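Per-chain residue numbering starts at 1, and chain names A, B, C and D are given in the order in which the chains are listed.
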Amino acid sequence: MPAAQRIGVVVGSLRRDSFNRRLAQALASMAPDGWALEIVEIRELPLYDQDDDGSPAEPVRRFKERIAGCRGVIFVTPEYNRSIPGVLKNALDHGSRPYGRGVWSGKPAGVLGISPGALGTALAQQHLRSVLASLAMPTLAQPEVYLQARDGFFAADGGIADDATRRLVQGWLDAFVAWVQQQADA
Amino acid sequence: MPAAQRIGVVVGSLRRDSFNRRLAQALASMAPDGWALEIVEIRELPLYDQDDDGSPAEPVRRFKERIAGCRGVIFVTPEYNRSIPGVLKNALDHGSRPYGRGVWSGKPAGVLGISPGALGTALAQQHLRSVLASLAMPTLAQPEVYLQARDGFFAADGGIADDATRRLVQGWLDAFVAWVQQQADA
Amino acid sequence: MPAAQRIGVVVGSLRRDSFNRRLAQALASMAPDGWALEIVEIRELPLYDQDDDGSPAEPVRRFKERIAGCRGVIFVTPEYNRSIPGVLKNALDHGSRPYGRGVWSGKPAGVLGISPGALGTALAQQHLRSVLASLAMPTLAQPEVYLQARDGFFAADGGIADDATRRLVQGWLDAFVAWVQQQADA
Amino acid sequence: MPAAQRIGVVVGSLRRDSFNRRLAQALASMAPDGWALEIVEIRELPLYDQDDDGSPAEPVRRFKERIAGCRGVIFVTPEYNRSIPGVLKNALDHGSRPYGRGVWSGKPAGVLGISPGALGTALAQQHLRSVLASLAMPTLAQPEVYLQARDGFFAADGGIADDATRRLVQGWLDAFVAWVQQQADA
């Protein structure tokens, strides 16, 4: 049996019990056959400083290697102040440098998020799309998924409790995997 | 010889001598073999009013038909007040309605623009990309091209005078055509 | 008794029964003493064409005059394709031209919207803010109000039915009027 | 003589010889009488993690205190991947938390940037404005200043070498100080 193809999942929040981290874990359990979703951590990355480009810290090297080994990347992110968290942008900046040696270019991307508010990270997602375009990442345009966190959103086993919501997210993930294949086959 | 495949070009300015219209015309003359670029006019479209969805005006019907017949769409647009012109957004709105009967979804898109200022329509282009994503149009992410209009930008025959700039735009157009094929082959 | 000070209200939808038009009307009935909110219509404006700058159509002249006579402007807008409607941007473009003779600069602005979806026009509002900044309109930053249209949102008399929502909108309007005064006193 | 009123300056780049840091220093030397511009460093801030809200690290406490003591804040930032650097957004996130105890709200803000490219940080600035609006910071709308870094941009004494550019930046700074006073007087 061939090894599953890897899709990296970058979570925009460092909080241990983050809704978005739990969503990423739920997502991982929903991966279709032949695909494996793996969370790529950003917690150990230093603040990006161009002066370090010549001798990147070990966590930077590791982060870039892991992203480079993925067939696609899913960003699961909260919204902070109507944008993406600084910690997520910091990871994107690290992965894009030094000039000419970034790891994002050409990698298919998907965007997802959950928040306590009704807006469901819509503004963070839209801004993230602009950044991903500048990184030359072909990004799944539709469907968009905006999730509102409520008590009981996650079942005891970590999955998405509500049937309709779970189907929505499964549909999104299937569309994303098809998108990754489409970009690769071309 | 098989008919050329059509790519629609929508110009964001109504001004007769618009730099962007002239850029669209120059672009049309640079189409690779097997492809034809055709400007799809937006000047006759009424202001979009949802009350007319049931009985669209003739120019609306025609506009949607022409877009529907294209393999991809290039938007060549100036920047008005740090965004796209209202007339261009009006055309996008018409093409997206009524719900479920829009013509944009799935059609590969490209974004280009020229302006007298140094920013070269960068803010208009970025906003347009967000709108195109919401319309489910897979949009060429890179290269981005920002052109500054100067005297002598266009040669007497309507082409782009400067060699380096012409090669830049030709490179963009070739990348766009490859993008259209890639999306279609998938 | 001195004449009330006028605040213009521009509605982003042309639909007769538009939720946003009804919200604008409800808002007008909530104006504090000494202030009058008047809807400034955009329906008769032609598509903006720079070639007409020298001889603007009568509706353009009238629109600009009415805006020029207002102490501030409230934009009440739906979201079309994750941005503001083209018809609203068209009105903004008209009011900004010709160069040096626009009517927006320095006029305090507020942004509001209602939509059937949960996002409540958040993406339209954010984009509109960017445009208003480029027009040099000092725009009330907080509170933001995102309203979701539901059956029974409006009472029989046209007001906002739900008490909490009405207080939210009244609070927003009071903050906006204070904002207009603050900018003027300076 | 009364103490000068303080304006904080936050630089979006950590690079030692950053153009934007040098621009911030040049700006500080141009402060009008009665005002002092002080760079507030962001380099020691940890990655924001909501789990630390209860016991913020010392650099976080210090950063928030210094911002709280300023009459206004100027952001001088490069553009990374068509947005603001993650390190700057990280500082904005820190200053905004925990909920109800942020330091940004109501503080007048200004946005400036310099980059090697022709776009001069236009896309970073526009995005930053959206974030500042969500933080309830009244932000100077016009003039906008987009600076392109070239050899010799800075004179030997650290000032801006070119006369016209220096006047442009001085005009911007004067407008910003007037903006700070206007917001405060209200």
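Everything below uses one rule, namely that a residue touches a chain if its C-beta (ideal position, glycine included) is under 8 Å from a C-beta of that chain, and two chains touch if they have at least 3 such contacts.
All of these numbers come straight from a predicted model, not from anything done at the bench.
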Next item on the list: Averaging each chain's C-alpha atoms to get its centre, pick out the one most distant from chain D.
Entry: B
Item checked: Homomeric contact chain A-chain B: same or different residue positions, threshold half -> same
Note to self: Counting only Cα atoms for the centres, state how far chain A is from chain B in Å.
What the structure shows: 30
Next item on the list: Provide the C-alpha centroid distance between chain B and chain C, rounded to the nearest whole angstrom.
Entry: 29
Checklist line | chain B residues counted as touching two or more neighbouring chains | finding: 82, 123, 126, 130, 133-135
Notebook entry, point to check: So how do the chains connect up here, line, ring, star, complete, or something else (other)?
Noted result: complete
Next item on the list: Sort out for me which residues of chain B touch chain C in the complex.
Entry: 13-16, 18, 43, 45, 47-51, 80-93, 96, 123, 127, 130-131, 133-135
Next item on the list: Report the residues of chain D in contact with chain B in the complex, numbered from low to high.
Entry: 82, 118-120, 122-123, 126, 146, 148
Next item on the list: Could you please specify the touching residues of chain D with respect to chain C in the complex?
Entry: 105, 126, 129-130, 132-139, 141-142, 144, 181-183, 185-186
